[in-house]
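Shared between the two complexes below is subunit A, which pairs with subunit B and subunit C, respectively.
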Partner chain A sequence: MPDPTTANLWHPIAACADTPVGTPQRTTLLDTPITYTLHGEGHATAASSSMLPVLIRYGYIWTSLGTPTADLFDIPEYAEPDRRRFNAASVSVHVSAPRAVENFLDMSHFPFVHTGILGAEPHTEVKEYDVETSAERDEVLATRCRFFQPQPSTAADQGAEVEYVYRVPHPNCAILYKSSVIDETRRDVIGIFVQPVSQERVRAHMLVCVLDDRSDDETIKRFQQTVFGQDKPILENQFPKRLPLDPRAESPVRADRVSIAYRRWLSAKGITYGVIPAA
Partner chain B sequence: MITFYEDALCENCYAVRLLLHMLAVPYTSHFIELYPSRANLQPRFRAINPLAELPVIDDDGVIIAGAAPILVYLAAKHAPGTWYATDTPALAQVTHFLTLAERLSATVGAARRHESGFAPTDLPAAHTGATRLLRGLDAHLWFAEQQGNAWLLPTPHPTIADLACFPHVILCEEGGISRQPYPALRRWCDRVKRLPNFLVMPGVFLTAPPKTE
Partner chain C sequence: MSAHAWHPIAAARDLPPRHVFHAKLLGQELAVWRADDGFINVWENRCLHRGVRLSIGLNEGQELKCQYHGWRYASRTAGCTYIPAHPEGAPARRIANRIFPVIERHGLIWSALETSPDDLQTSLPPDPLVLREIAIDAPAAIVEPLLAAYDPPGHGPRPIFFIQPTDSESCVIRGVVPEPPPTGALALLRLHDAALCALRDVAEQRPAA
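This part shows the complex of A and B:
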């Protein structure tokens, strides 16, 4: 059984655009088989042994096995009409949800795993960045993250030093804000919304909400799926598959400051699902 | 100019992409997302391939579907005698491994598609079938190495037999199948990765270059 905090969270179960309308679909959330149906514009139902609460937000169907104590986090940029917004990928990965989130927050692997796209040797340094855990907003925030990227997005012609902000507003969801290559005053938004299938298996849904007036959806999807496909074998080879929350379990380096904050935040929430709790 | 209908994460498309790059044949790529949007089931793509399967090429109106037929078409057109065999026993041997690649796709590939969420399957049956084929392929390559041969066919140059089988073997761990028990297969994978114009796909990483003097 998931811990109460996890059970009461909203979790994504599918992208609306990828779900046939009017036909019941099956999926699994937190070891629980779920049947759901998308009925049409803005309406869906879901049930396990009883009816479940449903929310449609950011192009996804969300549900909860418990009683959600809070509304889903806000992404104000999603409402901006000139953005391209859609599910870029739904990828099954044999790993725990917090490991998947933590990988999304990590920059140090870019040159080695996403060679030629999100990083390249010798630009391997993770420069000093700031991390804050906000009690008021109940989220972890990493700012001033800078990294040289050969191909920051589908809208980019050349490499650039890109600035990132990472936001973790939900134990199994993270959002990154990345300087736009076509409008320096605004940021591309990419979200990873993880659906824990079990403690060691996930479906990771990736939202893009980007400024790109020249690439078609297929090009953006292929870019994101290529990057995600590169992460998959790395994630699946992490052991233990559950994220250890004991600070002594793994040896962090300076580049891991956001991971440390994330692990502490999960500990403070009393989360035990998909993690190895600190003794 | 060839139009290549493909999905970045599809292993059968990867076999074709590898040959296109190794032959340096120019093409334009058209992305058909298999999962989650299942763009291959749309009428627009069914008009090109009624079976709704990838990969497909359109070579100035000549439409060929399926990894093995495309590999045969491209290699016979652009590189007969090297990538594709022309003598009788070698033709049969190439066909043997193209057929084997289809069986790898139905077992190793099915396990991977199951784990990736593309398509559910009978996983234990897929693993049993995969183990049998990988063990056989490993033994074949071990004997080939003893004879001084690097590739699936006893030829100095690799053939489409190697490219047809390689994607399934190199991505098997995504289906929960380890390559650990198959040392000859692992050495062959490294040799394929060191071929000129080799190309990775998500889930496939480069190997170290061979030792130089």
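This part shows the complex of A and C:
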């Protein structure tokens, strides 16, 4: 049984664009088999042993096994009409949801895992950045994250020092904002919405919401799929698969301050699903 | 199966230069690698930083480099020597991986989970013919009696068998022929391979007692 916090969350179960209209589909959420149907015109239904609440947001169908809040976290940029926005991929990964989220928040692996794209040796230093856990907005926020990237996006011709902001507004969802190479006053938005299939298996849904006037959808998708394809084998070789919340369980360094804050925030929420709770 | 006893965990040929071998003993995953100076490292197969298997890391000769964030660990001590996210200065505190004892003998690599047992006692000549290892999806206790009765027709000198207990459900048979005939090694390897595969089929079909 998932803990009450997890049970009451909205969870993503599919991208609308990848779901045939009018035909029932199956998936698994929190060890529970679910049937859902996209009816068109922004309307969907879902059921396990009984009917489940449904929400359509950011191009995804969301549901809950408990009693969720009225709405989901906000991504204001999603409404901006000149953005390219779609699901880049939904990928099954043999890992817990919080491990997948933590990987998404981590810059220090860029030179080693995304070599030549999001990082390259010798540019390995993670400079000081700011982390806060906002009680009022109930989210973890990391700002002033800077990193040198050889190929920051499909719209980039050359390497650049890129500035990131990371938001974790939901235990299994994170959003990053990175400087746009097209318009220096705006930022590309990329989200990872993780569907916990079980405590140690997920479907990771990746939202892109970017400024790019020259790449077609397939190119943008392929870029994200390449990047995530590099993360997947790392995640699947991480042990234990559940995220240890005890601060002494692994060996964080200064670069991991956002991961430390995220683990603490999960602990404070009383989450036990997909984690190893602190003693 | 004692954590204090020596068990084979690999064949010597599993450790070519700059390779990291993934082994398992009594449920414990191990990253095994030979440094450029010949020293063999047997470590817990987990990076201390964020838990990634070190067996997918890079053997850089005198150090092993983790694939995830590039932390480096020194041969012999398994101490972390470099954290690329903070390149200035040495790691602030002492971070060292768990290491296990090791002996290379008779073409096999031996280890033990608990601190060094007494020296490995075998009465084998130094250069036996090492058979291909046979991984079996059945516990060592099932395989032992089958090996005791092992007697394939026309096999020549009898191999000596060691069982590597990978965990409570599986094991690996590691056989060596002490004094192989000067010719016909390949035929001998083939003969034992076929006979041991047949033994494996028997072992895997037998329900655990």
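Note that the second predicted complex is superposed on the first by the 278 of 279 C-alpha atoms of A that agree within 3 Å, B and C clash if a C-alpha of one lies under 4 Å from a C-alpha of the other, contacts with A are read in each partner's own complex, and residues count from 1 in each chain.
Criterion: a contact is a pair of C-beta atoms (placed from the backbone, for glycine too) under 8 Å apart; a residue touches a chain by one contact, two chains touch by 3 or more.
For clarity, every value in this text was computed on a predicted model and none was experimentally measured.
In the superposed pair of complexes, A:V210 makes contact with neither subunit B nor subunit C. In the superposed pair of complexes, A:P233 makes contact with subunit B and with subunit C alike. In the superposed pair of complexes, A:V202 makes contact with neither subunit B nor subunit C.
Contacts of A:A46 after superposition on the shared chain: neither subunit B nor subunit C is touched. Looking at the shared chain after the overlay, A:E218 reaches subunit B, while subunit C stays out of its contact range. In the superposed pair of complexes, A:I192 makes contact with neither subunit B nor subunit C. When the shared chain is aligned, subunit B comes close enough to touch A:N87, but subunit C does not. Once both structures are placed on chain A, subunit A residues 233 are touched by subunit B and, in the other complex, by subunit C. Interface of subunit C with subunit A (complex): residues 29, 46, 48-53, 56, 66-70, 83-87, 91-92, 95. Residues of subunit A that touch subunit C in their complex: 106, 108-109, 111-113, 121-122, 124-126, 233-234, 237-240, 250-255.
Remark: subunit B residues 8-9, 30-31, 33, 35-39, 115-117, 173-174, 176, 201-203, 205 touch subunit A in the complex.
Chain contact summary for the complex, subunit A toward subunit B: residues 14-15, 17-18, 87, 89-92, 94, 203, 218-219, 221-222, 225-230, 232-233, 236.
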